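Submitted below is the structure of interest, expressed as C-alpha cells.
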Amino acid sequence: MIAYEFKILTVLDHPALLTIAINEWLDLAQLPTFLAAVIAILTVLYTTFHRKGREGFKIREIAGLKAVEEAIGRATEMARPILFTPGWGGDIQRPTTIAALNILSSVAEKTAEYNSQLLFPTHDPVIMSVAQEVIAESYNRAGYPERFNIDDTTYVSPSQFGYAAAVEGMITRLKPASIFLLGTFEAESLILAETGNIAGSIQIAGTDSTIQLAFFIVACDYTLIGEELFAASGYLSKDKSIMASIRAQDIMKVIIAAVIILAIISALVVPLSDWWKF
Amino acid sequence: MNSTQSRHLAFAGLFIVVTVTMLLDISIVATVSNETKRMFDYLDNLPDSSVIIVSFDHEASSLPEMKPLGLVMLRHLFAKDHKLIGVALLAEGTGVGYRLMQETAKEYNKEYGRDYVFLGFKPQFIAAILSMGESIKGTFPEDYLGNATSQIELLSDVNNYDDVAAVVSLADGSLTTHWIEYGNEKYGVQISAAVAAAMLTTYDPYISSGQLKAMVGGLRGAAEYENLLGIGGSGARSMLAQSSAHLYIILLIIIGNFTYFRSRKKG
Amino acid sequence: MDPGTIVAGILTIAILSFLYGDNPVYKMAETLLVGVSMGYVLVITWTNTLMAVLFKPLFLESQFWLVIPFIFGLFMFGRFHKSTSFLSRYSMAVLIGSGAGVAIPAMLGARTLRQMTATVEMVQGDSFLTIFSGLVVVVGLFSTLSYFYFSREHEGIMGRSAKVGTYFLMIFFGTTFGYTVMSRVSTFIGRMDFLLSDFLHLTN
Amino acid sequence: MARLFPQIICGFFGVVLFVLYFLKAPSAKSLYLTITSDYWQIIFAFALLVGVASFIRVNIKKLSILSESPYVITGLLGLFAMPVMALVWGIKGDSPFMWVFENVQVPLQATVFALLAFFVASASLRGFKARSLPATILLISALIALLSRSDIFGWLGNSALEFSEWIRSYPSMSARRGILIGIGLGSVTTSLRIILGIERTWLGKDR
C-alpha cells in the first residue's frame, strides 16, 4: 500500500518538476497566442514571397479612396490648402499611425505634383518628426523637393483639447479645400469634423477608434472603417508588400471563421469540449 | 433659413434647454438598468475588507461625468470596508483622484495609510500596469504624499495583483482596454470599470467575453448607482437636464428628416 | 469671488463664443490654451521623466545602462540640423520596432482569440432566447468580417453577406452615437453647472 | 547605409519585444518593462523638446505679421510662463503653476470639450437623414439608445428597456467584435511588415 502510493508520487513528480522548469521560462498561458502569432507570421511570409499568389491579387474597391485624387485636385482648383491630421489618440508605436503615414505618403506625392499646400498638425513630437521625413521623401519622389516646407508639418499641443482647438482654428481660418482625418481619434473627432463641415471642406476620415467612427460617418463625406484604413494604404500606394499583407489578413479571417464554426459544432455535439477556450 | 442660421438656432435651443432645466434644480431618482445592477452586485459580493485598486484613468476635462461616477464607486467601496489603493494612469487624474479619495474617506471615517492610500501618477500606462503585476511597491516606491510605500500599513501584505481582489478603472477613454489586455490577460487580475457613457459600447465585447467583470457608465449610470446605494448626489441632480437634452437631440433628428423629406418631395 | 473662478469663468465664455463664429477673443483663448498646455507638459516631462527616470538614476544612482536610451534620446536632437537629421531615425526605429513587437501578441491574444472563444460560448445557451441571441452574434460577426474581406469584390454571396454586415455596423454606430451623445451632454452640463453656480451664483 | 542600420535596429527591437512577451523569467520581464517604459519615455521626452523648438520657430516667423503678433505673444507667453513659475515656486499643491493649470488650462480644455454637445446637435440636425436602408438603421438605433437613456419617469416600461439592452449586447456588440478582430489583424500584419523590414515608409524610403 505504501509502496504503491510512493510509486504514483515518483511518476507524477517527475513531469511536474519538468513543467515547473518550463513554467519558469515560458509563460504557458500564452501558448495559444504564440501559436496564433506563428500562423500569422507564416501567412504574411507566404503572401509576401509566394510570387504566383502575389500577381493575381487585386483588392476590392473601397469607397472614398477614389475621392482622394478628386480631393487634392479640388484644392488645386480652389487654391486652398489640404489638411491632414492623424488624431490625438495615436503614437508612433501604434500600427494604425504607421498605416495613416503610409496614406500620407501617397497624398503628399500628389500634393507635390499639383503644387498645393499640405498642412499636417499633430499632437505628438515623434509623429511630427516621422511625418516630416515621409513628406520630404514624397516630394523628392515626385520630383519637387523645393516645394516641401517643413513648417507646414507642425507640433501644436500635447493636450487633447489644445490640439483640437488649434486644428479647429486652422480649419476655420485657412478653410482647407480637403481634410484628411486618418489615424486614432478620440473625442476631438467631431470637433474637427463639424468644423470642417462648416468650412465647406471635402472630408475623408478613417480610424480604428470605434466610437469616433459613428461621428465620422455622420459628419464626413467618406469614412474608412477600422481595417479599411489598413487596406487603404495598400490601395493608394499600389505597394505590393502592403497588398500581400492585406491578402494575409483575409486568409486569417477565413481561418478564424473556420475555427469558430468547428468550435461551435464541437461545443454543440460535445458540450464539455474545451479545446477552443483560448 | 440658411445653414448658419439653422445651426445657430440648434445651438441656442440646446443652450436654453440645459440652462432652464438646471435652474429648476430638481433631483430625479433614476430607474436602475441591469448593467448598473450587475456592477453593484459584483462589487457588493466581494468579501469584506478586500484590497481593491481604484485607478483614476481620466483627464480633468471629463470631470463632469467622471466625478459623480468616482464618488459612487468610492462610497460603495468604503461602505463595505474595503482597503483601497488609488493610482492614476493619466497625469490629470492625479490631483483629482487624491482629492476625491480624501473627501469620501472623511465621510466614512477612514484613515489614510490603514484604510486607503493614494500612490499617485505613473507615466506610460502599459508599463505601469505590467510593472504593478510584478510589484506594486516597486512600481511606486513612494506614495503621492512622499511616504515610503514599504512603511505603509495597508501595503504590508500587498505585493502584486495576487493580493488584489479587483481593479476598478475610472476611465473616460480606452485605458480600461489596457487593464484588460495587460492586467487581466497577463496577470489574471479581475477588472471592472466605471466609464464615460461614450465608452460603454466599446467595452461590450469585453463584458460578453468576461474579460471585464462589470461596468457602469455615464451620469445616468452614476444616478442609478446613487439610487442603489440609497444616497442622493450630483448624478440625480443632473438627470432632468441630461434627459431633456437627449429628447431635444431626438427632436433635432426628427426635424432634420422632416425637412429632408419635404425638400425631396418638392424635387 | 476668488480670482481663479473669475478667470475660469471668463475663459469659459471666451471659448463658448466660438459657437457664434470665429472671433479675436476665441482666438486669444485658443492660443493661450495651446501655449499653457505645452508649458505644462514640458514641466511634467522634465520632472517625471527626465529627472526622475533618467538624470537622477543615471548620475546619482549610477544606473549606467540608462546611457543607451539617453543616447537614443539625444539622437532626436539630430533633427535640429539637416546634416545630422539621419540620427533621429535611430530613435524612431527603437520606438516603431518595439511598438510593433508589443502589438502582435497583444492584438492576437486579448483581441482575437478571446473574442473567438466568447463567440462560441454564446451559442451554448439553455433557453431559446440565449441561443437565438448567440446565433445573432455569430451572424453579425461573420457578416461584419465579410465586409472587411478585401480580396473579392462585394458581389454574389460575399456581396450579400457584406451588405448584412453593413446593417450590423450601422446598428453599432447608431447605438454608439446615442451613448456618446450622453457623454457630450454631460460635459456641457458640467460647464453650465460651473457657470450657473460657481461663477454666477444662480443655483446651489 | 543611412537607412539600413535604423532598419536593423527596428527589426531587432521588434523581435526582442515579441519574444520577451512569452518569457516568464524575471530578467525577461524586467527588460520588457525597461524598454516599454524607460526607453519610450526618455526618447519621447527628447522628441518633445524638438517639437517645442519647432513650435517656437514657426511662431517667431509669424511674429512679423502684425495682425498675428498679439496671438503669437499670448501663446509663447503661456509656454514660457509655466516652466518659469515651476522653477521659481515649484509645482506642488498651491503653487502658481498649479493655479494656472486649474484655473486656465482645465476650464479652457473642459469648455472646448463641452463645445462637442453643440456639434452633436448640429450633426444630428444635418447628418442623420434616412437616405437609404443603412442610414435608416443607423438613425433608428441611435433613437433607441437615446430614448432608453432618457427614461426618467419609468414611462418606457421594462420590455422596451430590455430590448434596447439586447440590441446593445448582441447585434451591436457583434459588429464591434468584428471591427475589433479586423483592426487586430490589420495591426498584426502591419507590425510584422515593420519588423521584417518590408514596411519602410517611416524611413522615407523610396518605393
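Residue numbering begins at 1 within each chain, and the chains themselves are lettered A, B, C and D in the order written.
Quick note on the criterion: contacts are C-beta pairs under 8 Å (C-beta built on N, C-alpha and C of every residue); 3 or more make two chains touch, one makes a residue touch a chain.
Values in this document were obtained by computation on a predicted structure and should not be read as measured data.
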Two chains sharing the most contacts, counting C-beta pairs only: C-D
Euclidean distance of C-alpha centroids - chain B vs chain D, Å: 19
Approximate Å spacing (C-alpha centroids) for the pair chain B, chain C: 16
CA centroid of chain C to CA centroid of chain D, Å: 3
Rounded Å distance between chain A and chain C, as computed from the means of their C-alpha atoms: 14
Sites on chain D at which at least two other chains make contact: 18, 21-22, 36-37, 40-41, 43-44, 47-50, 52, 55, 105-106, 108-110, 112-113, 115-120, 122, 124, 126-128, 138-139, 142-143, 146, 149, 168-169, 172-173, 176-177, 179-183, 185, 187-188, 190-192, 194, 202-203
Touching two or more other chains - residue numbers and ranges from chain A: 27, 30, 33-34, 37, 40, 92-95, 98, 126, 129-130, 133, 156, 158-162, 165, 168, 187, 190, 210-211, 213, 215, 217-218, 225-227, 231, 246, 249, 253, 256
Residues of chain B engaged with two or more neighbouring chains: 7, 11, 14, 18, 59, 61-64, 123, 126, 197-202, 205, 208, 218, 220, 242, 245-246, 249
Chain-level touch network, classified as line, ring, star, complete or other: complete
Chain D contact footprint on chain B (complex, rising order): 3, 6-7, 10-11, 13-14, 18, 28, 30-31, 33-35, 59-64, 92, 95, 123-124, 126-128, 130-131, 134, 197, 200-202, 204-205, 207-208, 218, 220, 239-240, 242-243, 245-250, 252-253, 255-257, 260-261
Interface residues, chain A side, partner chain D - complex: 23-27, 30, 33-34, 37, 40-41, 44-45, 48, 92-96, 98-99, 101-102, 105, 124-126, 128-130, 133-134, 136-137, 141, 151, 154-156, 158-162, 164-165, 168, 187, 190-191, 193-195, 197, 208, 210, 213, 215, 217-219, 225-227, 229-231, 237, 239, 241-242, 245-246, 248-249, 252-253, 256
For the chain D and chain B complex, residues of the former touching the latter: 26, 29-30, 32-33, 36-37, 40-41, 98, 106, 109-110, 112-113, 117-118, 120-122, 124-131, 139, 142-143, 146-147, 149-152, 154, 161-162, 165, 168-169, 172-173, 176-177, 180
Contact set on chain D toward chain C in their complex: 2-3, 5-7, 9-18, 20-22, 34-50, 52-53, 55, 70-72, 74-83, 86, 91, 97, 99-120, 124, 133-135, 137-146, 149, 166-185, 187-188, 190-192, 194-195, 202-203
Partner chain A, residues of chain C touching it in the complex: 15, 18, 22, 27, 29-30, 33-34, 36-38, 40-41, 76, 79, 88-89, 92, 95-96, 98-100, 102-105, 108-109, 112-114, 116-117, 119-121, 123-124, 138, 141-142, 145, 147-154, 169, 172-174, 176-177, 180, 184
